[in-house]
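One chain, chain A, appears in both complexes that follow, with chain B as partner in the first and chain C in the second.
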Partner chain A sequence: MLTRSPDRVALTGAVLALVSALMLPAGTLRPNRLAQGDPHSWLAAGAILAVPMLALLLAVFASFLCSRSLRGHVLSSAGVLLIGGIALSLGALSESLMVDAPSIARVSIGSGTWLMLAGAAIVAFSGWQALMGKESASQGTHVRMVYPLATAAFLFAAVAFGGLDTISLAAEYGIRTAVFWPSVIAHLRLAGVSLVLGLAMGVPLGIIAARDARIRRVALGVTGIIQTIPSLAMLGLLIAPLAALSAAYPVLRQLGIRGIGETPAMIALTLYALLPIVRNTYVGLAEVDPAVVDAGRGMGMSRGQLLWRVEMPLALPLVLEGVRAGAVLLVGITAVTALVGARNLGSFIFEGLGQAAPDLILLGALPIIVLAIVADVGLSFIADAVTPKGVRAA
Partner chain B sequence: MRPSRRTPVLAAFATFVFAWLLTRTSWLEAALKWAFPTEVSWLHPRADLVSLTVEHLAIVAISSGLTVLVGVPLGIWVTRSSGRDFRQLVAASVDLGQTFPPVAVLALAMPVLGFGFKPTIVALFLYGMFPVVSSTIAGLDSVPTSTLEAAKGMGMSPMQVLFRVELPLASRIIMSGIRTSVVINIGTATIGATIGTGGLGVPIIGGLATRNMAYVVEGALPAAVLAVLIDVLLGQVEHGFAVPLQEADSA
Partner chain C sequence: MIHLDGVTKRYGDTVAVDDLTLDVAEGEVCVLIGPSGCGKTTTLRMINRLITPTSGRIMINGQDASELKAEELRRSLGYAIQSVGLFPHLDVAANIAVVPRLLGWDKPRLRGRARELLELVGLEPEQYMGKYPRQLSGGEAQRIGVARALAADPPVLLMDEPFGAVDPLNRGRLQGEFARIQRDLHKTVVFVTHDIDEAIRLADRIAIMRDGRLVQYDTPETILDNPVDHFVRDFVGSDRALKRLVRVPVRDVMDTAPPVARRSAGAKEMLAEVGRTRFVYLVDEQGRLTGWLDRAQLKGGCTVEDALSDADPAQVAVRPDASLKEALSRMLGLGFRSIAVVESDGRLVGQVTLGSVEGAMTESDEHQGARPAEHMAEYSAEDTSDDSVLESIASDDQGDCT
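Up next, the complex of A and B:
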């Protein structure tokens, strides 16, 4: 039942989690939201610590299991318990530290907690990997989905009942609830509108590029150079002429076009979206089998019909892959546009950097990372779903 | 861009012109004065453009150098038998990491490491790893199995196969990852000015804070040209390496 050659990935994760739990601070208690704090170990968290510690033992034990699917399930459970246990312990630690502290004191998440979470993620990944293996794949996706759902339930419980709502990140959110969600919406709107503008320009450009080699070289060359330009430099180069234009023509100002704010942001983001969309539209069209196009022509299709009924549907998965790459890119660059006065999640980052308030930085950076991952996963899912069955098999 | 025989000469010439223009501070000031007559000051007081550019390049060189020193061996290790168990983990982390926006990574380094040079170097080093590791794995994977078998059949040791066959054949793909990594780092380093790193972001951030458009352009223009130039130069290096072999049709 046990093997001499354990799952080295799972063991690495467990050792990382254990070492960071013992050696690094779990949290820091600050006198107020800006001051430097004192590092604290996990000890103050109390009895709840048993949960992550048992999960660690379970992970080490599971690494030595022979049966791949059993190992997968036990490791995944250990990963879920570990992540949930860390969240609950952090909540308990924060509550117990805040008992004797003044109400303006803050408990920030320590480096030990972050590295423990990384270790827990490695354990969970090794379990997932074991379940994805050939022998266990027949069990279907349903069983595996239990683990992410259980993790989400644990995190919810930690916030709702486990005292996780007393940490500094939650306090920063509490102060800014009224601006937080509008910032998320503004972030998504700016990135989304720019992506749609990028599509409206990029797809036709990609189609022309597939037809004409000279236009292709220019289009790919120029969009490639745009992509290379640092986002902050691009915004800087856009605001000066826009400011001059809106000063010279009051009509533009009435339309909301100004040197700073959303206008330069949207122009820059649209330009950045062009390269992945143009390139993938062109590559997608270039990869369509000429025999299929010939067949369509033989059926008497016009050029327009060929393009929209044969070539574009076949190129669609690659075009969507370009949209995915563009979306992930734009979610990040949108944050930078906060520096030229567009209000979005990036504003929290730069305000936080300005005040040296680490938890305000987190309040901006964590949702941005989540949005980027959601855009990545969501759009790859859509790209998979629209891929015609015949193309997928090839 | 498509490489041609003239490109290296043009790139070298452009680099020379760029470096020379950086030293012509009075020309720059005159141009900015003409473009922004209403400002009262046109050049950011912290440092001249040459030192800002050198500072910028130093930040990128240190972080990208560390990235290559760690990233390429990591990519090699997970494709060897000793590290194969970790390949999936490393590949998945690298894929996930590439979706992280560079600004967010830079911002997260500050609470851990404080202000200044160090957090930017660490953030750029970590963020730069993703394209380098993934291109190293992709490059080594691109070497056809038949080629590896032939090398083994000739009696080469695993080390000889790695250094004489695999790495030379993978070098172009690895170099393209390094190029991507360096160009991203040049861009992210400009934002590093918000946490006090220095470099060409300083006049841009300073100009935005004081609403001085001349400062903004003073930093933005050379930052943009620098990124494009470095990209073209590294592209030349990339095209100097051998084209990856194609897997033979019949196995």
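Up next, the complex of A and C:
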């Protein structure tokens, strides 16, 4: 199939990347990590970027002549190449600026770079979407995974060999290496444990909700209201009762249950995970064809057999979709819980805000974004894999 | 075996089933029939306790159904539901094996059973075992639904319009198959249908329902001969004489020695045979029907090869277990005065002529005192060819026909 209609999304991404490359600064050289500095344009970075940039534009236009699946590959490769090109060019720029600068000087990433990355990501993502489309789903998931892996490889190469280790973000990381990885792990653990708790409570609640209209109204109503409470307010609400409990029962304190720290964080996160999981479990079960349930009952299946052999397998894709939504949500909200003393990636953000050090904020924010994307992609992968063959979209 | 005693089901103001008393003897086929919404499905579902009657009692095998454990009761009653309801996440083999799996059969036995049942419902096992329900047509899915109900070999079958979505040709075949299995296995069957021909063909007794009430419960013959009221008379239709033919399988009236010639034997023998009988079926070495030769087709200057007709047995023949009505309507449709009877492997085993159909009608009319169907006489033999043509061909075998 030939599609000559331009892919508007990819085109927008390409134009965004091009305009920001020409108009906006690539990076800023500052005298120290807190001071304002001088912007430097991409022209100062030399021609390294020109090649992938040109390749990208050609690819975007060429893709309009390609079949749908080929277009997906062309756009994905172009986007990934551009991201790699930007990372390498940024490293080169930073290295050249730092040659003449004092050692406390910092090179921060400029707005032009961010917007180019965004543009490149849009191009790559539109290609990825085309690959995820129905017609090309048969090509298998393995091929598609090449692109995220290639992106990661480019970024790694830019840090290890391309001079990207001289930018301010890397310097912030260098200062905090000792706490960075424990924070990543703490972040994942807190979000993960809360998600599992949410799952353990949400799935049974969803099952009951599918059986009983009254419980359904209450369960969906309450979890819906929880979702609307701002996370800071929720944490604040939890501090007082938990503190009182822990004061009244020393046993609890010994177990680590206090008004601040991981306990309120975990409770809040579990509550937030409930809505997507309960709702999707309920919807998944409610959407099972009544004739199918009827046939199962008519053949003499018990309620349990019906639930585990028929209804849950059919509802599973939707349940996992809820888990995915919950996971992405929790990775983000976990950052906020740093405010009540749960040490995680959010701590860098709040420290950075306190010190007015933008690159420290980034040190917390960027990994959170990456974790959220990894959770999103990974879980939709799992959802694909466990969807029963007979109900998978053709 | 199944005994319904004053069973009523109310939904608010609507009475779905109204004081229904019905007995189904062991090994009998009871067909429930009636207009849409008359309570057929409700009745069936009360038998396997998917619906609890508002009042009345249902006895199964001498036991009050309401005192049995619902799941165990249902596993002993094969149920093909009206909306089929195959499990979308299981393949055809696994769908068929659901109840045997609940009963704890081992794997090889499950697969063997699935294969056996697919053959029974006329679907090629190798082709269908691994398919998923969404890859099936409505009629195929329905046949899998029937196979699933039969899987654990339950003594009682509850079938809710099991062939409703199957095309007429396959439906006729499945009905024949059903009748054949039933002759051997003697299940107790409650069968719901909208199709009066299907009811007459398969039923030992027909229960005609209307607005939740039982209007008449009798053998098909009695219902055809003595409808209790206008409703039943209209329901059965005006062509009752014709409907009786539905009860008669072809094998009962077919002529088992039809005129036949081997195609390989050559033109001489074929002509000799057709000279005697005007019409001859042609078969191959294995006795399979391949065509026929009609004297009317022979004209001067033609070879026998030009005059004979090739036959696709699916089009121009019927099976021994087809009904006489089917044979008649095929004959009328094709404009033939007789039709070949072939086994499933294509072997010619007989023929049915209009004369034998007429005979069967007269016979079934006799005890009712009706006159034979006179209009059938028009179809008696009319011969358009004459012997001289035949001779010219016999002498000029290689002549060309333009």
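In this section, the second predicted complex is superposed on the first by the 305 of 394 C-alpha atoms of A that agree within 3 Å, B and C clash if a C-alpha of one lies under 4 Å from a C-alpha of the other, contacts with A are read in each partner's own complex, and residues count from 1 in each chain.
Everything below uses one rule, namely that a contact is a pair of C-beta atoms (placed from the backbone, for glycine too) under 8 Å apart; a residue touches a chain by one contact, two chains touch by 3 or more.
No experiment lies behind these values; they were computed from the predicted model shown.
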Considering only the touch criterion stated at the top, classify A:362 as touching first (chain B), second (chain C), both, or neither. first
State whether A:91 touches chain B only (first), chain C only (second), both chains, or neither. neither
First, second, both or neither for A:292, with chain B first and chain C second: second
Once the structures are superposed on A, label A:202 by its partner contacts, choosing first (chain B), second (chain C), both or neither. neither
Touched partner set for A:122, first chain B, second chain C, both or neither: first
Report the partner of chain A that touches more of its residues: chain B or chain C. B
Classify the contacts of A:301 with the two partner chains as first (chain B alone), second (chain C alone), both, or neither. second
With both complexes overlaid on chain A, does A:353 touch chain B (first), chain C (second), both or neither? first
Residues of chain B touching chain A in the complex: 1-2, 35-36, 85-86, 88-89, 92, 96, 99-104, 107-108, 110-112, 115, 183, 186-188, 190-191, 194-195, 200-201, 204-205, 207-208, 213, 216-217, 219-221, 223-224, 227-228, 231
Within their complex, state which residues of chain C touch chain A. 45, 48, 50, 70-75, 79, 81, 83-91, 98-99, 102, 132-134, 145, 148
Within their complex, state which residues of chain A touch chain C. 289, 291-302, 305, 310, 313-314, 388-391, 394
Any idea which chain A residues touch chain B in the complex? 7-9, 12, 108, 111, 122, 125-126, 129, 217, 221, 224-225, 228-237, 239-240, 243, 259, 328, 331-333, 335-336, 339-340, 346, 349-350, 352-353, 356, 358-359, 361-362, 364-366, 368-369, 372-373, 375-376
